[in-house]
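Read from first to last, the chains carry the letters A, B, C and D; within each, the first residue is number 1.
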Amino acid sequence: MESLSLKKDFPVFDQNDIAYLDTAATSLTPRSVIGKLTDYYNNYSANVHRGVYRLSHEATELYNATREATARFINAEFEEIVFTRGASSALNLVAFGYGLSNLNPGDEIIISELEHHSNFLPWQQVAKKTGAKVVYVPLSEEGRIEVEAFASVLNENTKIVALTHVSNVMGYITPIKAITELAHSQNAVVCVDAAQSAPHLQIDVKEIDCDFLAFSSHKMLGPKGLGVLYGKKKRLENMEPVEYGGDMVETASKDGSTWQAPPLKFETGTPPIASVVAFFEALRYLQNIGFVALKEHEQRLKKYVLDAFSNIESVKVYNPTSETGMVTFNIEGVHPHDVVTVLDEDNIALRAGHHCAQPLMQWLGVVATLRASFYVYNTLEDCDRLIESVKKAVTFFKEAGL
Amino acid sequence: MNRLENLYRKIIMDHYKNPRNKGLTDDTRYKQEHIKNPSCGDDVTIQSFVEDGVVKDIRHDGSGCSICCSSASVLSVLLKDRPVKEALAFSENYTKMIANQPYDETLEFEDALAYQGVRKFPARTKCATIAWKAFESTVKVEDNDE
Amino acid sequence: MESLSLKKDFPVFDQNDIAYLDTAATSLTPRSVIGKLTDYYNNYSANVHRGVYRLSHEATELYNATREATARFINAEFEEIVFTRGASSALNLVAFGYGLSNLNPGDEIIISELEHHSNFLPWQQVAKKTGAKVVYVPLSEEGRIEVEAFASVLNENTKIVALTHVSNVMGYITPIKAITELAHSQNAVVCVDAAQSAPHLQIDVKEIDCDFLAFSSHKMLGPKGLGVLYGKKKRLENMEPVEYGGDMVETASKDGSTWQAPPLKFETGTPPIASVVAFFEALRYLQNIGFVALKEHEQRLKKYVLDAFSNIESVKVYNPTSETGMVTFNIEGVHPHDVVTVLDEDNIALRAGHHCAQPLMQWLGVVATLRASFYVYNTLEDCDRLIESVKKAVTFFKEAGL
Amino acid sequence: MNRLENLYRKIIMDHYKNPRNKGLTDDTRYKQEHIKNPSCGDDVTIQSFVEDGVVKDIRHDGSGCSICCSSASVLSVLLKDRPVKEALAFSENYTKMIANQPYDETLEFEDALAYQGVRKFPARTKCATIAWKAFESTVKVEDNDE
């Protein structure tokens, strides 16, 4: 992949000489996506579903085209794609739409300490409300979810398995297909948090065979404020809505109401139409690059940084073996928040914090970490800038006595 | 004939004003399907009675626009006494025709041909097909027994 | 207000010679709002809240600036403004965050048959789940919510009053301040559906004194996919979140978790940052026009149409006395869906249907209606086009024998 | 002095490495406030003991960056033995100074002046003020008793 030729697709770089290494939080947005957004507002701006006039009908067609493209992107069906406000909302929808009405005291929900808060707290709450129990897959020494460890906590009480596909801190890939197969052998339902995998890996829900899968548009070049919940048709049909109102209802009357079929059943109110319409271009952009080329590119950058970091004595990397483009590290003795300010002075955008993964921070025994994540627009030059700046930070804080 | 006249053909308005086979029956030999089009409130129920693989009778009821209600009436006349297979093929080809998709052009659409005008009004194709969809459900064998 | 000079602010008109009369469903979007959207994506695209680097910090400042502006817009405080996916989500949040945990069997929820499905179904559900009872304010002959009728159903069992501020079909203004005062005298909590009032009336939540108030960005020139829930500080503090995950949590641990203070408590996950940032411009645009001038403008258009309609024999208007810019009508004997196609041929965008208000359709005894709604960009010429086209439809369907 | 050196002044790093008055007490006469900054994980607890309108002692604990932790230490030294009113005014003016808002320029900020460098780093102003906010809560009388 010619990295430098992609950078020009992202207008943020027109204004900012920045090394943007925070894609795991949110990605930058290519011109084509922004163009589609403005195109919708400039030419339609109309509502979907209900308008019989031309503008509204055409807006509906565009909206549905993205649903179709999203389905194809993960090898699902049109009706299996629900648009939500984000991955967080999608995961909450599974927990409260499916979990709440299907869990009983004594049932078990398997999650892990790798989970993002958005795939941890909803289950913690649902467990509290239903009397079910949250069970954690013991992580490997490296911090991975492995099949054997998963098998050791799976049993006939397991009703739901909710695991991250790629950890947003460690970047490890969960062996989710094997796990799903095992889970299904105990009739447990599998919910996959794909927020960090959908942007980087080819996903095939038919192959994984998971029941639910959630991800966010804004981490994969799409607009902010949009997420996707994939659910197997049967699952969605049997799932309760969690929001009620316009568009999700079939018959509304004082005596009782009936719902639309999925996916509309789960999309009450006027949706983020423009964002949905523009997400189409994000999917297209990614597909044009191709996940094989993308992975190779990310790996190259990651390896380059890791090699350099291994020569800086006080840099500790937490995930050297990770399969995805994410380097999580600290400068020993220096709080990551202090480090990030030094990097920011060099126009390097990097995340310092707990990355919405406090249980993992507790597991790692740190308060916070730095995390550099790579994507389509990053270059070896970005890596050089990061490496130089980290070296500078090491020297600076050593001189400051830390 | 302008676009509107081409949409609201005489035959359509006639079936709208004077619907044939309207009104539902309690006869349990009829299979029933109710579809509501949330985008406009069209609401159609189709009942069909199949015997020996032949559609013996079709009833309908509901409320909706002229395109929707008339097409229920039209199909109740056109598909009656046809073998299920043939009725289904008719319905599916009709739907494709309306959606501007390739269809069996050798087929005689008879009165249903009047709905060709709908093809120029994509926002109305649903109106013209919803009753047919409902009909299809009433005669399709449940092949999905998972 | 110079209507013609406003039309040029809306790029939809560059491409479409359209009379857009469907603002009650969703408004068009002015250039300044679209500009701010693209500005965010072009120059930031970064996440809010958690980034310590410059882009993210500045994005957070922009995000907060809109929260502040929204607060000022309705005379609320910064912490009292929660951003949601739309008015529907905001109303569901009140029903499930506040209602679900505060209602008991025998308690009563007062709503009305004027409610949009989004302020009806959530309460119907919450009533079902809690054993509370939904009570309807008897509508006046005209279909209005009046104070005396409200008083007749209010009693010491009333725990929640959830009413529309302006009906999305009739356009009537509910005397919400007097109702709130009465409701509070019985210690009932008042939730106002302001989806149709916030775009058209000056709202002062301190004056109304309601506990909750919900509206949508997309009906008031802002981006799609964004809503606002105002809640009195104390109410929000005592309210349960309904979605759990990143950003809403303070401490997340296996043993239990604590939440952020409002409003963050209710905003899990990456929010629709771009839409929030751009909503600022929508508020500014409306404030520049001013609600007095806007109302006058809308009234003028409405009166003009009403006068003309009163001369067309078969046109039946359902809300001749409404105080806002909305005309709801039918051509007798013709289904509105058929009428709207004739209007669409003349490039008039109008809504035909039940307007997500099936209980009201039942009350009116119709299956559906047409609805023309006026806003800043409409002109007398739009009205003329509507009138002419309706006349044409009358003639056309008469000739067709209806 | 470059921007970074101006931010990470010696005095700040000294308080970070050698915090004064660190560690909490069980003494119930102390009022306590715990604040967490979710954006970065800074976590500060301040305890203060007020007697006769005077801040007699301040304790602190927590984890966070150098700016945050050091400022807890600095304030515990600076505000001790001041009348509550004066301590509050100090704290409020300090916060304004950091936020680039008008403040009482006649005030002697002493060691707290070292934090002026933060003004050039808007993303870090929270770090420099969070401990002070916590302190304010510990000495403010609850005037909100609705």
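Following the convention adopted for this analysis, a residue touches a chain if its C-beta (ideal position, glycine included) is under 8 Å from a C-beta of that chain, and two chains touch if they have at least 3 such contacts.
Keep in mind the model is a prediction, meaning the values are calculated, not measured.
> Between A-B and A-D, which chain pair is linked by more C-beta pairs in contact?
A-D
> Compute the centre of every chain as the mean of its C-alpha atoms, then state which one is farthest from the centre of chain C.
Relative to chain C, the chain with the farthest C-alpha centre is D.
> Between chain A and chain B, tell me the centre distance in angstrom, where each centre is the average of that chain's C-alpha atoms.
One centre to the other, that is 44 Å.
> With centres defined as the mean C-alpha position, give me the chain A-chain D separation in Å.
Chain A and chain D have C-alpha centres separated by 37 Å.
> CA centre of chain A versus CA centre of chain C: separation in Å?
31
> Taking the mean of the C-alpha atoms as each chain's centre, how many Å separate chain B from chain D?
Chain B and chain D have C-alpha centres separated by 75 Å.
> For chain D, write out the residues touching at least two other chains, lowest number first.
39-40, 123-124
> Touching at least two other chains at once: which residues of chain A meet that condition?
50-54, 56, 247, 249, 251, 337, 341, 344, 352-353
> Just say which it is for the chain contacts: an open line, a closed ring, a star, complete, or other.
Shape = other; not a path, cycle, star or full graph.
> What pairs of chains are touching here?
A-B, A-C, A-D, B-C, C-D
> Can you list the chain B residues touching chain A in their complex?
Listed in rising order, the residues are 36, 38-40, 122-124, 146.
> In the complex of these two chains, what residues of chain A are touching chain B?
By the definition above, chain A touches chain B via 49-54, 56-57, 61, 234, 247, 249-251, 260, 264.
> Can you tell me which positions in chain A touch chain D when the two form their complex?
335-338, 341-342, 344-345, 352-354, 361, 367-368, 396-397, 400-402
> Considering the complex alone, what residue numbers of chain D touch chain A?
Result: residues 3-4, 7-8, 13-14, 16-17, 39-43, 63-68, 121, 123-124, 127 of chain D touch chain A.
> How about chain A: which of its residues touch chain C in the complex?
Chain A residues touching chain C: 10-12, 14-16, 18, 20, 22, 25-29, 33-34, 37-38, 41-47, 50-56, 85-89, 91-92, 95-96, 113, 116-122, 124-125, 134, 136, 216, 218, 223-227, 242-247, 249, 251-254, 256-257, 268-275, 337, 340-341, 343-344, 347-353, 356, 358-359, 362.
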